[in-house]
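Next come the structures, one after another.
Next, two complexes with subunit A in common: one pairs it with subunit B, the other with subunit C.
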Partner chain A sequence: MSAFWYYVFTLVFFLFDYFILAMGLNIQYGETGILNFAYIGFVAVGAYITGVTGMPSSAGTGQQYILGWGLPFPINLILGGLTASALALVVALIALRRLRTDYLAVVLISLSLVLYDVINNYVPLFNGADGLYNVPEPLAGFFKLTTNSFVPFFAMLTGVVAVIMWWVMSRITKAPLGRTLRAIRDDDGVAATLGKSVFRYKLTSMLIGSFYAGVGGGLIIQFGGSFNPTAWLPGETFVVFAVILVGGVGNNIGLLVGALLVETLLIHLPAFLPSIPGHPGLIEYIDTMVVGVLLMVMLWFRPQGVVPERIRRSPFTLAKRSGQTLDDRAVVVPVAPVEITTAVGQETTNG
Partner chain B sequence: MAERNEPVAEGVFALRCQELKKSFQGVMAVTGATFDVPQGMITALIGPNGAGKTTVVNILSGMMKSDSGHMQIGSTDVTNWESHKIARMGLMRTFQLSRELGGLTVLENLLVAPQHQSGESLFNIFFRPGRAKREERENTERALEILNTYGLYDLRDKRSRELSGGQKKLLEIARGVMASPKILLLDEPMAGVNPALIDRIGGYIMDLKAQGMTIVMVEHNLNVVEKICDHVIVLAEGRTLATGRLSDLRANEEVVHAYLGEVINASTTR
Partner chain C sequence: MTLFWLSVGFGFVTASVLAISAVGLSLQFGITNYINFAYGDFMALGAYFTYVLNAEFFHLNIWIALVFGSLLMGILAVLLNQFLLSPFARRFSKSFYVMIVTFGLSLIILNVIYSIWGPNVRNYTMPLEHVLHIGPFLLTRDQLIVMAAAVLMMLGVHLMLKTTRLGKSMRAMSDNTTLAMTSGIDTRRITTVTWFLSGTMAGIAGSVLGIAEGNLTPAAGELFLFVIFAAVIVGGVGSIYGAMAGAVLIGMATEVSAAFINPAWKLDVAFVILIITLLVRPTGLFSRPGKG
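Coming up: the complex of A and B.
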């Protein structure tokens, strides 16, 4: 495989992977209004757990890490997702019930920093600052894949996972559950007075979104074969926010567009460009700045994103009802008004 | 069904409050609200500005916790229950300043309201999709009927933040009705709407009463109170000053002094 196709499939992998990550953050922020500034922490937990449950025992590997169960794909990946959800459950039970959106955001930023420091410095957990390496390539032995053929294979496999997760997410967001989450996003006080347990639904949203974060992280560690703390600096959360804000909050197709524009074209494509003579690494700095500028421009001129959240029309609006569609009926107001303002003189005071 | 202004039957109360108190950083907003809301009737909650009406409504709907006192829906003590639990007991509310779910369409605003929807559970979405779909179809038909009644049918697919002030008031009432409450708490439903719409909203409220719903409404327009309310609770300085029919309260000197006199004077000097 030529270098060109290697780059193309690498970009395809990141497109699909960030689509999954964006769907996870979107259900939390775009659908439910939870500002999860620790999102990248959940991605990292998913990545590490996928890694250490898929890797053999650490003895003799030159690395220090927990578990080392040698589980096959996709069991290790699912465990990565579930562990990220378990972390979300702990965080939610402590913080989600008591804190309003902005305070919760601050707590989550702190959580992200604490997670980063613990994992970076406590070596026996996930090999500290060196991170995990020599992570097995999933299914490579089964399909007899070489290093070259693994990249397109795994990019396509990630595509399949992304399609399955998109289907699942679409079912959730189109269902009454998705509508209730959006009601909480719009006004959680009103949702509560309509009988919705705001905590329960926010918890559900956190668990689903964190599972997506964990799976997205798990795919990253298996694609690259390594993962260390430089891959998930707390600021990386804002790249995923940029994906959903640029693409379109609350719209799954918009998330794919956002993943293409931000993650694929702006973050990863420039990394493959030849460096500017005399200024190695300058391109990477420039593209981070471009993402920041793009985010500001989008928020100023098109806050709804490239593909805005669509108006959700009920599939039953035109349903036949007793042989007649509801749309055929004349619009009438069958309740008779009461003569209040005409019969009696105005007698009011200011409210 | 009780006719309007029929004397309140003893012991048939949808909602009872005893000595509710609430202070904000030492400032007493509610100093002892005690009243009963008769079942199946329209009760007005009136009083001068700062009387604590909205605070009482917030306590009743669970949006605020009282410092002391008790509240009962039917025979169940619901003192300081969370909002969603009070709503599930059958008490729904609207807001003084409309709080529509702006990103949702008008139809979706109504479809959020029914309790315990199958499609709100992850398990049902994936393992009982037929049940969730059937229920959604039934809810949609009912929501469209209600929108038709409230004259909002043509706006069903419009985002609710794009509605006018009067339309938002109607939407809030329609959304409350969609939840099939036993008690509907309306916080100034006629405030800021045109006279023709006041007549219409009055008609809707009378219709809800005819369907057996108990209505509690904060209202400043005494014409509205006179025309449609069966029972009146007067709050002043955070406590219950008097309860009864408006005609009787007009003869109550304390009430006239605290509130009605101010209103009557305001209307006669205009």
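Coming up: the complex of A and C.
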């Protein structure tokens, strides 16, 4: 396989993977309004746990890490996602109940720095600053894949995982759960007065989102075969935010567009550009600045993103538009079990 | 025991840097009601401005360079507010948007610093100092100046808030912006002045951090920002005096613990204190109604 296709499939992999990551952050930020600035920390925890549960015991590998259970592929990935959710549970129990959005953001950003600090410094956990490497390629033995055929295979496998997770997520966002989350995002006071336990819904949203983060991280370590702290500097969270804000907050298809525009075209494509002689890293620095500027420009001129959140009218509004009277409406459109409407007579939904 | 007193001395230095930066952050937060996640990078940029004046051009004395570097940062903060943050804050009522903009601004500033000065460690040009023995403490003259400056600035902020018209307007705005506006306070002007103060204090804190640590790195401010957050939350969000108290507590705790456990865990000590505070007294030591 030529180098060109190798690159293309690498980009395809990151497109699908960031689609998954963006869906996870979107249910937290886009649907529920939790400003999770520690998102990349959950991604990293998922990646490390997927790695160490999939790798054989650390004895004789020259690396130090915990567990080393040597579990087969989908099981370690799911464990990675569940561990990220477990971390979210702890964080939520301590911080989510007590803090207003902006202090929560502060505590979360601190959490991501501390996670980084601990994993970087405490070597026996995940091999410290060197990170994990020689992570076995999943299913390579089963399908008799070579190093070359593994990349397209795994990119496609990630695509399959992404489609499954997209299907689940679109079910969640269409369900009453999704409507309640959006109501909390728009006004948690109103949601609380209507009898919704805001904390429990926020917790649910954190757990689901963190599971997506963990799975996305697990796929990264399985694809690259290695993972170390430079892969998840706290600023990386911003890239995922850029994906969902550019693509369209609260719209799952928009997230795919965002992943294509930001992650694939802006972050990974320039990585293949030759570096400017005498200025190592300059392209990367400029690249990050471009992402930041693009995000601000997008927020100013098109805050709803490239593909905005779709608005579904409630049966009431639809009936009114078709010119029926109040009595007709009561007959023609039985009152749907609308949980909470976000604005006056407006219901939003996702693709 | 000597080690303990030594670390207490360093604790005072760290607390001084923390106090300056935490008060700068709190002032701005109280007025505009959103958190500036780029504050750490404001500190780093101020430190590099000082570095340029001190070591690259002009070769000014470090303290004179610090004053001009910090003022430059203050002016830049005003411009950033005028042309970037304030328009966003006016346009979107939810503070999400501005916070994400400051988060993006933080990345942009960090990468500007990387592009211009590179990732290498830089040093200020400073005369070598004798170490002074003061009681049980071992401190350099520069560290004493840092502490004195911090105490003076805290006093200055206190007097400004309590006695001057500007300070009273700032407190009024911090309590209720709309009410302050209807009472005839020029809120835009106060906001501008606050950003200037906040930026200048960030510049001072960043430069002083560089002096205290003996080196400059682009990411130093960002790591320190977290310690500032810990100090601000432990002290009580929105309370200037709480920020001062939190700074002393966190500064002492991180430095004294470094004498007994691996200094690599400094950050985590601050984080543990933060978590305990959240569990026991989530509003912080000196909480203010409506801000927590």
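Simple rule for what comes next: the second predicted complex is superposed on the first by the 308 of 351 C-alpha atoms of A that agree within 3 Å, B and C clash if a C-alpha of one lies under 4 Å from a C-alpha of the other, contacts with A are read in each partner's own complex, and residues count from 1 in each chain.
The criterion applied here is as follows: contacts are C-beta pairs under 8 Å (C-beta built on N, C-alpha and C of every residue); 3 or more make two chains touch, one makes a residue touch a chain.
Note that the coordinates shown come from a computational prediction; the quantities given were computed from them, not determined experimentally.
Colleague: Looking at the overlay, does A:285 come into contact with subunit B only (first), subunit C only (second), both, or neither?
Modeller: After superposing on A, A:285 lies in contact with subunit C but is clear of subunit B.
Colleague: Give one of first, second, both or neither to describe whether A:95 is in contact with subunit B, with subunit C, with both, or with none.
Modeller: After superposition on chain A, A:95 lies in contact with subunit C alone.
Colleague: Which of the two partners, first being subunit B and second being subunit C, lies in contact with A:245: first, second, both, or neither?
Modeller: The answer is second: A:245 touches subunit C but not subunit B.
Colleague: Which chain, subunit B or subunit C, ends up touching more residues of subunit A in the combined arrangement?
Modeller: The partner that reaches more residues of subunit A in the superposed model: B.
Colleague: Once the shared chain is lined up, is A:183 touching subunit B (first), subunit C (second), both, or neither of them?
Modeller: Once the two structures are laid over each other on A, A:183 reaches subunit B alone.
Colleague: Classify the contacts of A:2 with the two partner chains as first (subunit B alone), second (subunit C alone), both, or neither.
Modeller: Neither partner.
Colleague: Do any residues of subunit A touch both subunit B and subunit C, and if so, which are they?
Modeller: none
Colleague: If you look only at subunit A, which of its residues touch subunit B in the complex?
Modeller: 168, 171-172, 175-177, 179-180, 182-183, 185-187, 189-198, 204, 208, 250, 309, 311-314, 316-317, 319, 321, 326, 329, 331-351
Colleague: Using the touch definition from the top, list the residues of subunit C that touch subunit A in their complex.
Modeller: 34-35, 37, 84, 87-88, 91-92, 95-97, 99-101, 103-108, 110-112, 114-115, 119, 222-223, 226, 229-230, 232-233, 237, 262, 264-265, 267-268, 271, 274-275, 278-279, 282, 292
Colleague: Note which residues of subunit A are touching subunit C in the complex, please.
Modeller: Touch residues, subunit A against subunit C: 33, 35, 37, 94-95, 98-103, 105-107, 109-111, 113-114, 117-118, 121, 234-235, 238, 241-242, 245, 281-282, 285-286, 288-289, 291-293, 295-296, 299-300, 303.
Colleague: For the complex, which residues does subunit B have touching subunit A?
Modeller: Residues 48-49, 61-63, 82-84, 86-88, 92-93, 95-96, 99, 101-105, 107-108, 111-113, 115, 117-122, 125-126, 132, 136-137, 140-141, 144, 148-151, 153-154, 156-159, 175, 179, 188, 191, 195-196, 198-200, 202-204, 206-207, 220-224, 226-228, 262-264, 266-267, 270 of subunit B touch subunit A in their complex.
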